[in-house]
Amino acid sequence: MYRLNPLLRKLKRGPQVILPKDLGVILAFTGVGKKSVVVDAGAGSGFLALSLANVCKKVITYERREEFAELVKKNISRSGLKNIKVKIADVFEGIVERDVDLVSLDLAESDRVVCHAVQALRAGGFVSAYLPHAEQVKKFVDTVKATNEFEEPFVVECIMREILVREEGFRPETKGLLHTAYLAFARKKENTSAGVPEPGLKGSQS
Amino acid sequence: MYRLNPLLRKLKRGPQVILPKDLGVILAFTGVGKKSVVVDAGAGSGFLALSLANVCKKVITYERREEFAELVKKNISRSGLKNIKVKIADVFEGIVERDVDLVSLDLAESDRVVCHAVQALRAGGFVSAYLPHAEQVKKFVDTVKATNEFEEPFVVECIMREILVREEGFRPETKGLLHTAYLAFARKKENTSAGVPEPGLKGSQS
Amino acid sequence: MYRLNPLLRKLKRGPQVILPKDLGVILAFTGVGKKSVVVDAGAGSGFLALSLANVCKKVITYERREEFAELVKKNISRSGLKNIKVKIADVFEGIVERDVDLVSLDLAESDRVVCHAVQALRAGGFVSAYLPHAEQVKKFVDTVKATNEFEEPFVVECIMREILVREEGFRPETKGLLHTAYLAFARKKENTSAGVPEPGLKGSQS
Amino acid sequence: MYRLNPLLRKLKRGPQVILPKDLGVILAFTGVGKKSVVVDAGAGSGFLALSLANVCKKVITYERREEFAELVKKNISRSGLKNIKVKIADVFEGIVERDVDLVSLDLAESDRVVCHAVQALRAGGFVSAYLPHAEQVKKFVDTVKATNEFEEPFVVECIMREILVREEGFRPETKGLLHTAYLAFARKKENTSAGVPEPGLKGSQS
């Protein structure tokens, strides 16, 4: 039903993984590609981080929970991808990377990372957030606007249906996924004087 | 409304372009990445070909109409991407490339290219088709199945809504796109003895 | 999940029943009300017929399969509604009623009833069809157009999502129904000279 | 595009009217019918009130703005329906009717009418609310729950697409409505001891 692509089929799944329909939205709406450097946070099983690594130059994924970091490392090894690093660190305390093209967030409180994303992003880079609930979206959007460092943020949702093409006829599948998450995006202004004070940084790269 | 990413915003648009929501589906469901070689056909304005080139190692795009080929070349130049070639050739007459990871089709009669895609694809590679009408989907799926060279094909549609987060509240936008196209996918079997006879090939690479 | 209203909750369900979301579309797009007389065909469990009877002056429902007719009668008795009759008859052979406001069809081959609907409907009355597959829709629409007795037909689909409003936040439900059927409608022309020859009629009212 | 039924086509439209897709949901999810008495509030152009009157025994619609009340009266006259009364009164101050089957709300602050709906509804009757924004939905649901007089409320949204069946093929329409409103419903408990104190009532029936 989820139509995982060959890369994702190699991976071990944790309790919740981001699905191809939403991965696609992040790739297409940010336009990241072979030259992009991405910071990902809330690694989970690593589905999003590895999908980004499959496309981008380099991915650094923050995960503070040891057991998830282990799962991601196992999945990196299964994927064969070499351009991804797991950082066992709390992204709420800061992002050490600079000049990155995308900060991709899959965390309940993604809004709390916006101030760090401002520091990490290059001018014109994107922050994206995967947010199941409306309240999270509102908080994220309000926080982004308050920084005054981003262009107007936007939010989309993707309702995907599989279409059955069978002997008896053409029709959408009867049952399936109705909602995963809202996807919020904001692009850092092209010419911005970083005026947001950032808390101290911690985190050890693995 | 279409939320074109920075790459796409640089391009000149022809009458119909594939939108980010559908680009994302193609990227995510095929899993193409930095190592992938793609043949694209029905270049149009080059939006799909350039989005693939942004992510993949190499893209060859077939376009038989001179004026569209010119538009694509102009757009390649605007994009700054170097890993894409326009071939002024009729893809219905054949694909000369071999061992490609994806054959991406945006043509009214994509079904007529399936026999060539079989020849061009590596084992495990994908053919994708962007098809506005149900009848096209049925023809494409039937043709794919008839080759016996692909795993079971699948078809999806992506209904995307932009979500407004404003002073007055959170809600989806009132009006917008309800349909662009169905997206059909088929993966070439891992171990397949190519048994489909192919018509003669033509086409000059530019 | 289906949110059956109090009337429907009283009924015994057969294998497939039309759901409130689709009942609502039929009621709202045809505008039937207290003064309307309806012929329904393909009674099934009687959900549609009884929902129409709840709103309309009189409903006659055709069902040729004895066991379903029994189920409908049982459900009529459970509902307490008095303005509905079950006719054990084959609607493909004809409709005896005249001047009806709506002919409501839930049959695989609804197109084969269009010629009878023309005879049964008053000028300005509607025929509606509940059709799961695209091919059925096409056949129905083409048949309607060929009669030249109806205004331009139209077809809709209703994608309904339940919204969860909980402690943890506001979001659409994760899984549920993605498709039931397409709903096709055609209104008989206001001034029409019934020119469609109709096969002989049969059927005994129960 | 809106496919107004023959009743609605007779009416004069104000700036915003409830559309058939949403009317249908209210009819089908509450199950109101020929025996039902309905109180409607926020008459607007009267589309909802008149659609309910077309189906129900009696409708009383509250509208405090004189100019809208005039529009509704004009529309009642156009419709030919006799079982509907306009009350120029502020529903936030109370509902005088008792034992009604449905209180149907189309007001920005529908939550403020919940306490009056409790008084007006018979046991087993419904309150429904048409609410464009998520925040309104949350407030309404929370208010309903706080009364402890209703079964668990539920909320749905209906995404409707028109399907084009043409020479060139079958597909959903390209552009159209993506959102009108969320529809919230709550059913008054069957055995309830009305324990909610109600403010004083005002309002003159016209």
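First chain written, first letter: the chains are A, B, C and D, and each begins at residue 1.
We take it that a residue touches a chain if its C-beta (ideal position, glycine included) is under 8 Å from a C-beta of that chain, and two chains touch if they have at least 3 such contacts.
The model shown is predicted, which means the values in this text are computed figures rather than measured ones.
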Chain located farthest away, centre of chain A as origin (C-alpha): C
Self-contact between copies chain A and chain B, residue sets same or different by half: same
Inter-centroid spacing, chain C versus chain A (mean Cα positions, whole Å): 46
Centre distance in Å when chain A and chain B are each reduced to the mean of their C-alpha atoms: 24
Whole-Å separation of chain centres (CA-atom averages), chain A against chain D: 41
Residues of chain B engaged with two or more neighbouring chains: 134, 159, 161, 170, 172
Residues of chain C that touch chain A when the two form their complex: 132-136, 159, 161, 168-180
Footprint of chain C on chain D - complex, ascending: 3, 5-8, 20-21, 23-31, 33-34, 51, 54-56, 124, 134, 137-138, 141-142, 153-165, 170, 172, 182, 185, 187
